[in-house]
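First the structure, then my questions, so here it is.
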Amino acid sequence: MSILNGKRAVVTCADIYMGPAITERFRELGAEVLTSESSLLDQASVDTLLEEAGEVDILIANLAGTPHFATVDEIKDEDWFTLCDRLLHPLMRLLRAFVPQMKARRAGKVVAITSAAGLRTVPEMASYSTMRAAQNSLIRTAAVEAARFNVQINAIAQNYVASETYFPEELINNPEFIKQISSVLPTQRIASGSATADLAAFLASDANTHIVGHAVPFAGGWDVMSDLGWDPRALE
Amino acid sequence: MSILNGKRAVVTCADIYMGPAITERFRELGAEVLTSESSLLDQASVDTLLEEAGEVDILIANLAGTPHFATVDEIKDEDWFTLCDRLLHPLMRLLRAFVPQMKARRAGKVVAITSAAGLRTVPEMASYSTMRAAQNSLIRTAAVEAARFNVQINAIAQNYVASETYFPEELINNPEFIKQISSVLPTQRIASGSATADLAAFLASDANTHIVGHAVPFAGGWDVMSDLGWDPRALE
Amino acid sequence: MSILNGKRAVVTCADIYMGPAITERFRELGAEVLTSESSLLDQASVDTLLEEAGEVDILIANLAGTPHFATVDEIKDEDWFTLCDRLLHPLMRLLRAFVPQMKARRAGKVVAITSAAGLRTVPEMASYSTMRAAQNSLIRTAAVEAARFNVQINAIAQNYVASETYFPEELINNPEFIKQISSVLPTQRIASGSATADLAAFLASDANTHIVGHAVPFAGGWDVMSDLGWDPRALE
Amino acid sequence: MSILNGKRAVVTCADIYMGPAITERFRELGAEVLTSESSLLDQASVDTLLEEAGEVDILIANLAGTPHFATVDEIKDEDWFTLCDRLLHPLMRLLRAFVPQMKARRAGKVVAITSAAGLRTVPEMASYSTMRAAQNSLIRTAAVEAARFNVQINAIAQNYVASETYFPEELINNPEFIKQISSVLPTQRIASGSATADLAAFLASDANTHIVGHAVPFAGGWDVMSDLGWDPRALE
């Protein structure tokens, strides 16, 4: 299989979050992948990346930040502004840098790796959810603007992945922990990194012509299911 | 307070679901309320209601049906088609019957009492959720068509209410049960019937000029919150 | 490319809507495809299909119905109930028939071809939108129930496709018409049938392990974009 | 009518956006209203406001910023960061400052005035939409955390209002402009400021016990309606 044959892709934050899994899979699928390990905390680092990468067919905007759990009352400035710097601002700068060349060539794909936390609400995750929701919104606007130039921009609203670059090592290797988080997913198991990468590859391939501005939930159904709180068979 | 002074309202299925609470509160708020206890299972019963009611300022489309819990594999035809008959078809017939007079008079309000089950997904509730989601969609289209005639059509996406017409008596008077269902609501308590009625009154009052086609979640935050499945402080 | 190699798929309503495009593409991608041209208007026809098909790896629940444009005031019973019969009831019966064998085998994929009309609101399309929204909801519940058995159930919320089985021949061959409908899509062009089929193939392939209960918008961005109504540069 | 009798409310940015309309109406409805004209651009100004206001029953988080229309390619740093400063950061700081006292007293209401632009996608409005979507998400998390303390936090996702503090004077007094923007609303007319204020008053009143974490669309149906692009009667 070679759906990415001949494509040049850049993967940001390639050493963390979904970076390693996507890089590996994209190469298997035929892409030439340029990896960047910069956290892209300022405009200069985005400028440098653009200069190094030049024209690319595919931008994987993989941006990561550690959620620090706190109620809104207790949000620390440092955590809030760090997530702005790691998730929100670099996505704007990446789109601003890479989309114009794609529009000019009338071809290109962007896949942002965001989070299902941006679709739903989890107590004590305000900072993280807010930035992920903001990313999903930004992707939508960039996408409707670029669509007429045959540039497709989308996101993957990711949750739990069995990867040492997604969870800290002590958690991902803890069977109790894996069992516990799996229990809130309708699938009852968490995803592999390569499964996210396969979705990213589909969205980045020539086959994708009409998915525009969408954050595809990749969450094992976690984002749609709610708990009734009781056993309804008691009624019957 | 008298925000419904001088308004003629019809409340359907007035003896069940949110009917009694809305009828009582609307009268307190000054409305003349016509109550119908028909289940509106056919066109003739809707025709009869329209004839009896004549022109009304407010239609409360309160339609109820009992969810029978079953996986999709085990849905019984009888349960599926009964919910079509009790929830889906009568809402279409009520809108078709009552909206034209409102459009002609350039004034009118419709509030459908639907369910938060139509916004979310609960295992073994497919039939019920499907019909409630269908109602929410139907309300949207009716609303965007009627808005230019100064007719506002909306829904309340209701969940748990402390009322003997919402839950069977043996459940609503069971403190263990109430505690259990309250535990899945961010509010940690279920709503009173009069609180839903107050929202219905606001949506049906002259004050509401620009909420159009919306199913207002009235669910104590149940519809937005998701469970992470673990205690994130383990990380810190 | 052969991502569907060795898979047995059944495509319903194979002669209309997305049926021909999906059948053709799935065969190219290696699947053995059983096609049914039945409209599945009753339980007997679903039973017959199940008997003929036996165990399948993939169910493409492609159901179609003609929207008859009318305001809610003017909905005709015949149009409403025909769409119930063509879109809503057969999807329930198909899921009820085919999902148990998939759950038993711990493997299977369902892709329902629904419509972006079920995500949004278009005046005079109440009947059609309502049934499509109902389908999307039904898919969600079926999906969260089946996910733990490694069965992934999703939908494609389709809009305009350049196909003679999607639009009547006189429209699809009318360049003025194509130009007009393209103008409301951010892409400024409508999709090919094979592009939908490629998305269906991805959702039906082994690669898809964690997309659950989702109606993927396949609409060129139509579902996310709204019109401001003025040229904001007037302000600047 | 006096649904806000005896309530102490603080209205931020009271001289712009929905501030004047809410202040006026809340006073008519019996509230004691403290107005702040600070733009709340830093923590010190929020601290000062909290000190001046002390304990309040109601916080109206009315935050405004001017959208500068630009494609994502052409976003100016100054515009992006100004909207972060005016919309995103002050909402976090306001919630962090005012919610703890409400939780401690087991009573309180917050209504954030956000925008329907945060629910939908409009080309060339990326910065503004992103910040408004972020606000809506932040409100959801704050709300699910505070709900168990009987504190209800919601937003109004506002669009066009006939007010000189919403639109620049030259636009709001231009009948051609009003006609043009009205044409994209199902209502075919824009809202009055007092109608938004009535919704804010309802959400801030004791009557609201179970609406939690919701951004109520107040947009005349603009957020739900989409354009088909053709006259479907051509088919019939």
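Letters A, B, C and D mark the chains in the order given here, with residues in each chain numbered from 1 onward.
We adopt the following convention: contacts are C-beta pairs under 8 Å (C-beta built on N, C-alpha and C of every residue); 3 or more make two chains touch, one makes a residue touch a chain.
Given the structure is predicted, the values throughout are model-derived calculations rather than measurements.
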item	value
Chain whose mean Cα position lies farthest from subunit D	C
Distance from subunit D to subunit A - Cα centre to Cα centre, in angstrom	29
Whole-Å gap between the CA centroids of subunit A and subunit B	37
Contacts with 2+ other chains: residues of subunit A	121-125, 140, 143-145, 185-186, 213, 221, 224-225
Chain contact topology (line, ring, star, complete or other)	complete
Complex interface listing, subunit D residues touching subunit B	1-3, 140, 143-145, 147-148, 150, 185-188, 191-192, 195-196, 198-199, 202, 207-214, 216-221, 224-225
Subunit C - residues contacting subunit B, complex	43, 71-75, 77, 80, 84, 88-89, 92, 95-96, 99-100, 103, 118, 121-127, 129-134, 136-138, 140-146, 213
Complex interface listing, subunit B residues touching subunit A	67-69, 120-125, 168, 171, 177, 180-186, 221-230, 232-236
